[in-house]
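Both of the next two complexes hold chain A, though its partner changes from chain B to chain C.
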Partner chain A sequence: MTSSSGLDDVQAERLARVTLSLVFEPGDPRAAKLCAELGARELVDRLRSDRAAADITTDAGTRLPFVEPERDLERAAVMGLRFVIPGDPEWPTCLDGLAAAPPLAERGGPPLGLWVRGARRLDELSDAIAIVGSRAATTYGTDTAARIAGTVATDGWAVISGGAYGVDQAAHRGSMGVGGMTVAVMAHGLDRTYPAGHVDLVDAIAERGLVVSELAPGSAPTRIRFLARNRLIAALARGTVVVEAKVRSGALNTANWTGRLHRPLMGVPGPVTSAFSAGVHALVRSGAATLVTSGDEVLEVVGRVGEHALAEPRAPERVRDRLTVRLQQVLDAVPVGRPAPTDGVARTAGIGIVEAQRGLDKLEQHGLVSFAEGGWRLTDAALAH
Partner chain B sequence: MHLDEFPLFRTDVIDALREPLENGDITVARGEETVTLPARTMVVLASNPCPCGNNVTTTGHLCTCRPSEIRDYNRRVRGPIVDRIDITRALQPPAPGDGDAHERRDTSETIRVRVAEARMRQIARFRGEEWRLNAQAPSAALRERWPLTPQAEETLVGAVVSGRLTRRGSVRVHRMAWTVADLAGVVTPGTDEVMTALALRSGDPLRHDVLEAVTAR
Partner chain C sequence: MTSSSGLDDVQAERLARVTLSLVFEPGDPRAAKLCAELGARELVDRLRSDRAAADITTDAGTRLPFVEPERDLERAAVMGLRFVIPGDPEWPTCLDGLAAAPPLAERGGPPLGLWVRGARRLDELSDAIAIVGSRAATTYGTDTAARIAGTVATDGWAVISGGAYGVDQAAHRGSMGVGGMTVAVMAHGLDRTYPAGHVDLVDAIAERGLVVSELAPGSAPTRIRFLARNRLIAALARGTVVVEAKVRSGALNTANWTGRLHRPLMGVPGPVTSAFSAGVHALVRSGAATLVTSGDEVLEVVGRVGEHALAEPRAPERVRDRLTVRLQQVLDAVPVGRPAPTDGVARTAGIGIVEAQRGLDKLEQHGLVSFAEGGWRLTDAALAH
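Moving on, here comes the complex of A and B:
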């Protein structure tokens, strides 16, 4: 086989997958399954010649006559888009996990291919974290998302999100603010931008990271397409952080996908009175998500064992903490004001006079008590504690 | 007027702010003479979370204050003066990447236009009255002639009943709700505007959709 026929093969495969991605709704589990079993070219041939299963042929039949994959690829190239398929050097292997994950809301399976805009490569995504949440967020949610994104990006992790307003936007921005790689996964064709007021941000993401979609140029976003898109956000990342989600937020669908892929799910808490955090709190309470409050804690959850282990936050140790309980008992019996004689301290402490004397000597060595004017009193150092 | 580290001020200085904050003037009595001077100004008070400043998780340091120190410090911030403060905001130390090129930033010019428009609405609304702005409107007049929507009123009454808000506070939230409505171009303050005014007052996070209604104009 010559190299040119090898190239032809790849091109034929790419055209077949463009065709399938135009014919089927994204995340149609039947398409993914048949494509895996038969190969993309064979599946297209069978659809064209009515040799596929009846239901799928009927569905495909409504769009198949209008599909022009060569033209779409050319137009996409003019717009700076490429169509990446399995087998391409750039194909991100982290998506393969979708083949084994059971469908959710009748969406599932790996994508037939990905439309990609941007100078970076998809296979740079071996270390990526998804940060998702409500479009209707609060200033707490967006501040926290940006802060977490900044921290993980500084550690070299890519940040994946959905390119929407609110938490998504804050996550992309937080990553770009420290020069990080960020990926926006869209639920529409990349020839357009939703919402329209968002063009600058999406352009900036394409410049420094990647904008990705399963949907061919010209496709509008629908509810089902958002659900299909969410599985890609979860699958491109090693773990997902949910920041602010109401009880019926789309971000919870991404969280479910993270669970299906057996990857770490994390939730950022908010005030218990806030409806904007109620969905996150439910995830944590059910045990599905781990509570995280900072980027460092996110890295501890998704990082390789031991790599990001955090020190337990604890108060600084004080001299008093190192004393035995008996010695503390003596110390507590020493007055602040008028000095007390040794027998007075022993009586207040309820400890024998010999041991009290020895204890007072030891406390004096620690600089906690001093003897003057015929009695013991606390030093300034002891009072400072 | 900006008072930095406000909890460290003497109690009598803090208490002296009550009158000008409430009435917009200050009365000085010396011997037999009394003089009342105008004192309408914006007052900005700044404080730390505690005397050492680390009683939050975002500074990277642990708080070294004794509980009694924190209590003494916060007592000043919770005193009667606080009932006269309309906007409370918690600021975090700068994070890496803050202030990036994609952060929404309005120029002072844009904000000036927005504020001027809001003031014009107030002046037009109060034409023929003895005051011009929401801040000067007497509470009785507000309640009777410029009420909130019924649901918004319910929200406000609920906040008073639950003890979240004093009576004086509820008047100030009513005024602030009008200001939010004027900034957003809303004809009558509704639940969104009252919730925003309450969040501004308590220091709770603000909703982006409400903020966008203001900044989109």
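Moving on, here comes the complex of A and C:
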């Protein structure tokens, strides 16, 4: 039973973290570090009393007088948003990996908290795959993203992406299309939707999945906030698939985070003439990413050992492939047109007559040769292969 | 100076090897082994006197009475063909690797000799790259093969392939188109050309490069002979590029040989929806092949260390990418429309006013912001990125 002071503690912690999320840019590694050292409430106290380090105070101090954490929480609740923090039952432990991972582009550390919209729970994300790629994707890219999303969703995996145009929206739709769970991690406050063209999509995702952000309501997306957001996409997933990415794509930043978190990174190739696939090709070439061509291959990479072991892709077997080399040699020596006697077949094949006879009998059993008019010839079945 | 008995020796060796090439299927590992142990002339003697192992004698014995090695050599010379054997100055030493490599599909060992057509020499092949792939290639595959061949040929590398439809012919043409040397390794006797549609192409290759075969004139191509031929393509080259290959493509057999010979294997990806690229994707995925997207990347793999080191593919750098995260934060806080005063920018950015001022001055120097009407706004240059 949680005592009222226990509830007060949790609420105080939540308010402190809301405060911090309002005064610091998301993914500020110094804020994450100080919060881990001092605790959220102590850090807020120090900021208020100017007792934190000078540069921290300068940053946070400029905004601090203007923040209203309680009001923001109340207004968020009205909008159907909640602020989830470490210690809450639904806090996803997969984010802990961010504590140890080195910063990238001056963004790093676990989030102080997450604003969440949707009836599902963050801790349902134990089996999630991130699917990312270019906004300006080709239909090859979006078709592939949707197909892979549908396959992994059918297998019970949640699909995580960034709610953007191109690959992201295809991944979300591919998952929802088979009734799967999808999570959109945004780089702005959840009171609005960017891009505006995705209002309906994000509403649908909130209804069947989750929409998540490190940014408080009222925050607009910026390039830094996209970079910060990408680490969350990578950290919430078991592994990341990059479907299409040009050489300077934001998806490569997400790929970089996947590596930092020691999670499997996968890339879907495309035509080498396509600039949209060049970023993926570079990742595969460097060894950073494993080449995958389907959802099944993705599952083989991220799945439990042995569970999704695929057979090597094989074309349908043909009868003649099951023949020994020697039998193939005999078969090659049998004419199409005018039948040849056994010794003629033996000579063409370069083998003894006894062995040729045995071989021809076997081939006749396989239906590949027939004897007529004093000689052997190939059957229609043999010619069909 | 070679004495007349020395010349007789060489001629006797040549005749013995022609004999063996006429009685054994190419790439018969037993023949290669016995020839290495006993020498060609001793092996022929034993075959003639039935002193070789029973199965060997059975095979060779059936054909032996019918072969006429001197006549074949004379007729070959009339056709402009020569039979090159180990010990000849032009014998390519890169084929020696086949002695140690384990057999594959019951084909193996170095060739007993090679029938050659063309004024170039086999020992010019110290720097050669094999380019192989599907006969039923797409234009994506043939365009890519031709482009890669042109690039490596321009850099002085010979291009080796199999003279077939599809990827092979594109590789040969791509090389010849830039005046490069190309070698077609065929699976039949060089008195004719298969496919018949490539008579002119093979004539052109013989004129500017070389046409090579393990098969004596009069021999038709068979599946086993294609398998035997593939090991020669791999063995004559420093490395092999597979451009397009379905999952049951002969090119995968050549790829397998490349691995057995410990030479670099490279694969060109394509759309994952294309069955024509599925074989290549499987090779890359398994780690057997390195993904390459261009001739330059091929050269980086096969070239001498450091000679062809490529820069990571980069998009053209933009001014804002050279900014620190802090300057980007300031830039993000500057409005597009109505100018904002310095303290307003500072508050939006969440930093101190002194630092905001410094940042804005820097950005003004970069031409990204301008001060007018009492405030800061973004310049057109900033908006263009």
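Please note the rule applied: the second predicted complex is superposed on the first by the 383 of 385 C-alpha atoms of A that agree within 3 Å, B and C clash if a C-alpha of one lies under 4 Å from a C-alpha of the other, contacts with A are read in each partner's own complex, and residues count from 1 in each chain.
The rule is simple: a residue touches a chain if its C-beta (ideal position, glycine included) is under 8 Å from a C-beta of that chain, and two chains touch if they have at least 3 such contacts.
These numbers were taken from a predicted model, which means no experiment stands behind them.
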- [ ] Could you tell me if A:294 is touching chain B, chain C, both of them or neither one (first, second, both, neither)?
- [x] both
TODO: Check whether A:140 is in contact with chain B, with chain C, with both or with neither, and answer first, second, both or neither.
DONE: both
- [ ] Using the superposition on chain A described above, determine whether A:165 touches chain B (first), chain C (second), both, or neither.
- [x] first
- [ ] In the three-chain superposition, say which chain, chain B or chain C, touches more residues of chain A.
- [x] C
TODO: In the overlay, answer first, second, both or neither for which of chain B and chain C A:271 touches.
DONE: both
Open item on the list: Looking at A:372, would you say it contacts chain B, chain C, both, or neither? Reply first, second, both or neither.
Closed with: neither
Task: Partner chain in contact with A:150 - chain B first, chain C second, else both or neither - done: first
- [ ] Could you look at A:351 and tell me whether it touches chain B, chain C, both or neither (first, second, both, neither)?
- [x] second
Open item on the list: Please report the chain A residues shared by its interface with chain B and its interface with chain C.
Closed with: 140, 143, 270-271, 293-294, 313, 315
Open item on the list: Going by the contact rule set out above, which residues of chain B touch chain A in the complex?
Closed with: 57-58, 62, 64, 92, 95-103, 204-209, 211
Task: Residues of chain A that touch chain B when the two form their complex - done: 136-143, 146-147, 149-151, 153-154, 165-166, 172-178, 200-201, 204, 270-271, 274, 276, 293-294, 313, 315-316
Open item on the list: Help me check something: in the complex, which residues belonging to chain C touch chain A?
Closed with: 23-25, 58-63, 66, 105-107, 140, 143-144, 222-224, 246-248, 268-273, 277-278, 281-282, 284-285, 290-294, 297, 312-315, 320, 324-325, 328-329, 332, 346-347, 350-353, 355
